[in-house]
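A, B, C, D and E label the chains in the order they appear, each numbered from 1.
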């Protein structure tokens, strides 16, 4: 099953979008998960609801909202374009943004669950040994929630591979720029006779994702082992 | 903001679909999470991959696969209709099935994370006190993974509220039967001048989901407390 | 009641290879930290499946790797007090205590429940969560949980380590009664010779996964070898309560030919008793001392003496049918010219015999 | 070095209301299970923020609720050995041990590391995960971790409870050296009077969250009150090593006017020493006994006697400048007609004085 | 009587809802409509969906069903037509004369041309055909942003993301945020046709009546009000 150039492009783009979405949403997801698991602040329920929004809304609506906010004329989009030169609309970066946002609730929940399972007595012990909160987080909490982080990253990555509605609405379907595997498959399903092609791409997508999935599980095991051995 | 009859219907349908999807997928999700967290069997990676499939595939493809398999001409669909009188295609039950499947990986991951965090020494202690595996699961493991179960149910519910691609592909968009809020919103976005209506429905959906979300958190806290007090 | 254990197992670089038999009652496992006591108990409980081994309780083969037989943990009905409390965090203290009763079928009676709760002093903790308990309170609840499961064998891994002496003094008699009245065999890990001396019929000394010594408590505790902390060597003497002297708060115990004065005990005349007389508590005199506060002055004959070790010598004395062990300095031995066969008086303070 | 603690706090139905001062050295916290020892230590560590309270170390105010001052835990540099080991499960034993060194700035030298590892006997565990350690091994690693953080105050909550006597005998001298050489104040929770007697300058008895007694170790341990397990009452005597009798494995210690024979010690002549003489180990005689194995026979005068309690009486004797406590039966008291002012001989076995 | 179930392309929603209201007012009977992409609906009919009537947004999916004998071929009619228009955001509203050789590429500058996805959305396919026909396609092909639907394309223009877009006249008319700057010649692309047919499986007697009604002048007026061209007489 040799891949055509166009297919290769879509595969590469999908991987890039999924990877970038996963990696860039991680720090914020960590922070939000930490706040939700540990924080006691006004508006916590609201934050929790907001995080779940991308799940609750139909993806098309999320895409619209992204367009309104992060588009060229959107308040944040205009700002980012002006001051950071960061443009999302019709770019793969936009696809990554859409994927990141769609996967965000999944990542946050996984990490939050892990944080809630951490024995805080260990953090206390670290404090008595002289570690301040940042160090405690880095040397105790973070290693202990690694499984939740990996789970969250896997979910985010998988979601990014399958994301379609928000992406096409936000950044359209531009081959080579925003046409991920998922969008390519969708296009093919919309024309009579496209089934064979769609099937082929689906198989490719499944293989790529499964490989990533297995890699992640191997990595998780390896990291867990190294933490101790090193 | 009084709701019209049609809107009420969609709200009720959405809630029914999301609730049924969440409740019926729970036992299987528990079993699969248990197998993935604890089991050591051939094909575990494969099972893990399979569970993630609905995330990885574009929802349209998932819906299409459902249509082929659970449709009235599909192998399983025909069987179920014949012997159990259980029809999915173009029924709200199908919408629930689609939502359940789309939310399944989220539920499994949450529960699996919680299971992995359980201190197995407590299960050993229960065994020395005479509890067999089933009792240990019911009286020790289950209460300890309640937070993961609740998290999984919340994710599944939220996902069901927002599910669109697989549902419309599998069971179409039939008002009163399969037109959930999410599908109704989609319909409105497809015509000129539908935006106001779409916005209105979106707000309704967000309110309903947020209410469900808060209820779930309250419930979780209450259950956690009751477990001890009773 | 009878217990037979045989196990061979590797964990990482550590290897267990131990076998012992016990005629019931309390079997003490003694050994330094890391010697394999917990591992052995886990094997008995069925929590650790040994590479090869055999466990027989009362003639019933519980596990036998040779015959591929392995009774699952929950069907063994061996109560286990773990080294750390392992309470169920989601259950109240009351439910933790009651957990095993349910599975025990007949279960224990409410009166029994009340009695154990009272004995352990956890009555006012019943509705609390384990996480709010102090270390010792947790340990006590864990003991209660195991006792209330109506086990047919009790495994106790340093159950009293986190408790103060007063609390121990409340729990030990209960364990004695359990041993004497129900005949449940108990395997008991402890670092305290006093506890072991009081409870155990049999002592097993474990070292680096192997049984280094095993036998009747009196024999093992009386050996001045490196098996036990030297400080704690002593003699176990079996006696019978003869009568009470309530006026002076004393009890007279017949041990062989002699009557020993011990602090007042709540036991009827005729009740059998085991007295542990630590060697360090026994003085020797060549003539009967006069005007001395010690009430027990037992004439006897020296049986043998160990060589001097760190300046002290253990002397065995035959005293009216019992062997008593005395630890004295090498200097005293010289001065008093103690030799086997010499007649001496063993002097034992009553207050040192607080059973 | 100086420590001042004052705390008032409610947890559920339990209330802490305690204050004590310590001039440094080792302060022992004594009290029954559930009396509030751990809570008090947590307050000192800063893990529990009391409703109101004040902690001053060496004149530096660490916390003062009145002034709204609260130094965060990690800046207090108080080493804490918790009641349960609390090792970091994701780090090897080596990294657990080294954890605090990093934050201690200068840290402890590799030689110090090696020394502590050696003393605790955890050298062959360094690359293992905590979960594979035995209970006692965990406890030892936890002790090492706290020591290696170069703390300026040590909080130890029953640090030796899970250890055998031999292991204790290796760790206690280290703690003594720490106390004597570095002058780090230590707050030490223990149920063992022997440990406390050996280490502590000061003893605080906690009961139901309140300080029931506090003062110099000698004073508290010598009081025959219900503060301490009665079994363990005794006298603390300060002495100086006079000379060694290597031939007989003995050391002579000057205590007041007398020379005491104790088992051989590794301490140079002139070294100060604290001997704990348990009341139950002291015999009294109205005439100087002859031909007796005990090497220490100290003439003295009875200062006072407690009323009889459970058949026994505690007698205080002034012996050449020291007070010695003897517990004898009420019967002996009658027989020997002991009264304040009467001249007696206190008889103490050398082997009972194993420091 | 049993409800008539209609599977209709999503872009018909407004118009068809109005027609149904009128039908219910006149006959007292109800019609249920499932709006989705034509492709989805066609596949569902193939899998035995309970549809009585199918209205596709293009001929291809109707042909797809016809080839599989899933529609009543006798009942098939081309119901509606539509026009393709070029729209621009309010700010660049200069009219454009759409003719062969139009330099749309320079008009776009470095912006994008928003239209339905060219290989999945019918409007996109028509648009691409028209651009090819007029010889514009090669230069703009790389600048096309294929939206998920005509509505999404329209949004891209009205939000200023893309300076120009190609959409149906019906959609353009209803959006105040965009201006029609040109209409594609009707011969530049295959006829835009919404075919209608009874499904082969339909057993609903009312369906035929509905089919008659939808071709009636009353219905035609309602369609025309939304900007559609009515093709049936």
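Note that in this section a residue touches a chain if its C-beta (ideal position, glycine included) is under 8 Å from a C-beta of that chain, and two chains touch if they have at least 3 such contacts.
Quantities reported herein were computed from a predicted structural model and do not represent experimental measurements.
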item: Chain whose mean Cα position lies farthest from subunit D; value: E
item: Relative to subunit A, chain with the most remote C-alpha centre; value: C
item: Subunit A-subunit D separation of Cα centroids, rounded to whole Å; value: 57
item: Centroid distance [mean C-alpha coordinates] between subunit C and subunit A, Å; value: 60
item: Centre distance in Å when subunit B and subunit E are each reduced to the mean of their C-alpha atoms; value: 35
item: Shared interface positions of subunit B, touching two or more other chains; value: 60, 64, 186, 189
item: Junction residues of subunit C, two or more chains touched; value: none
item: Per-residue multi-chain contacts in subunit E, two or more chains; value: none
item: Every chain pair in contact, whichever chains are involved; value: A-B, A-D, A-E, B-C, B-E, C-D
item: In the complex, subunit A residues that touch subunit E; value: 60, 63-64, 67-68, 71-74, 89-90, 165, 168-169, 171-174, 186-192
item: Subunit D residues touching subunit A - in the complex, by the definition given at the top; value: 45-47, 72-80, 82, 86, 88-92, 99-100, 102-104, 127, 129, 145-146, 149, 155
item: Complex contact set, residues of subunit C against subunit D; value: 11-12, 31-34, 38-39, 83-84, 128, 132-137, 139-140, 157-158, 161-167, 191, 229, 231-232, 245, 248-250, 261, 263-264, 279-281, 283-287, 289-295, 308, 310-312, 326-334, 336, 347, 349-352, 354
item: Contact footprint of subunit A on subunit E as seen in their complex; value: 37, 39, 42, 60-61, 63-64, 112, 114, 117, 119-121, 144-148, 152, 155-156, 159-162
item: Residue ranges of subunit B touching subunit C (in the complex, touch as defined); value: 121-122, 124-132, 135-136, 139-140, 143-144, 224, 227-229
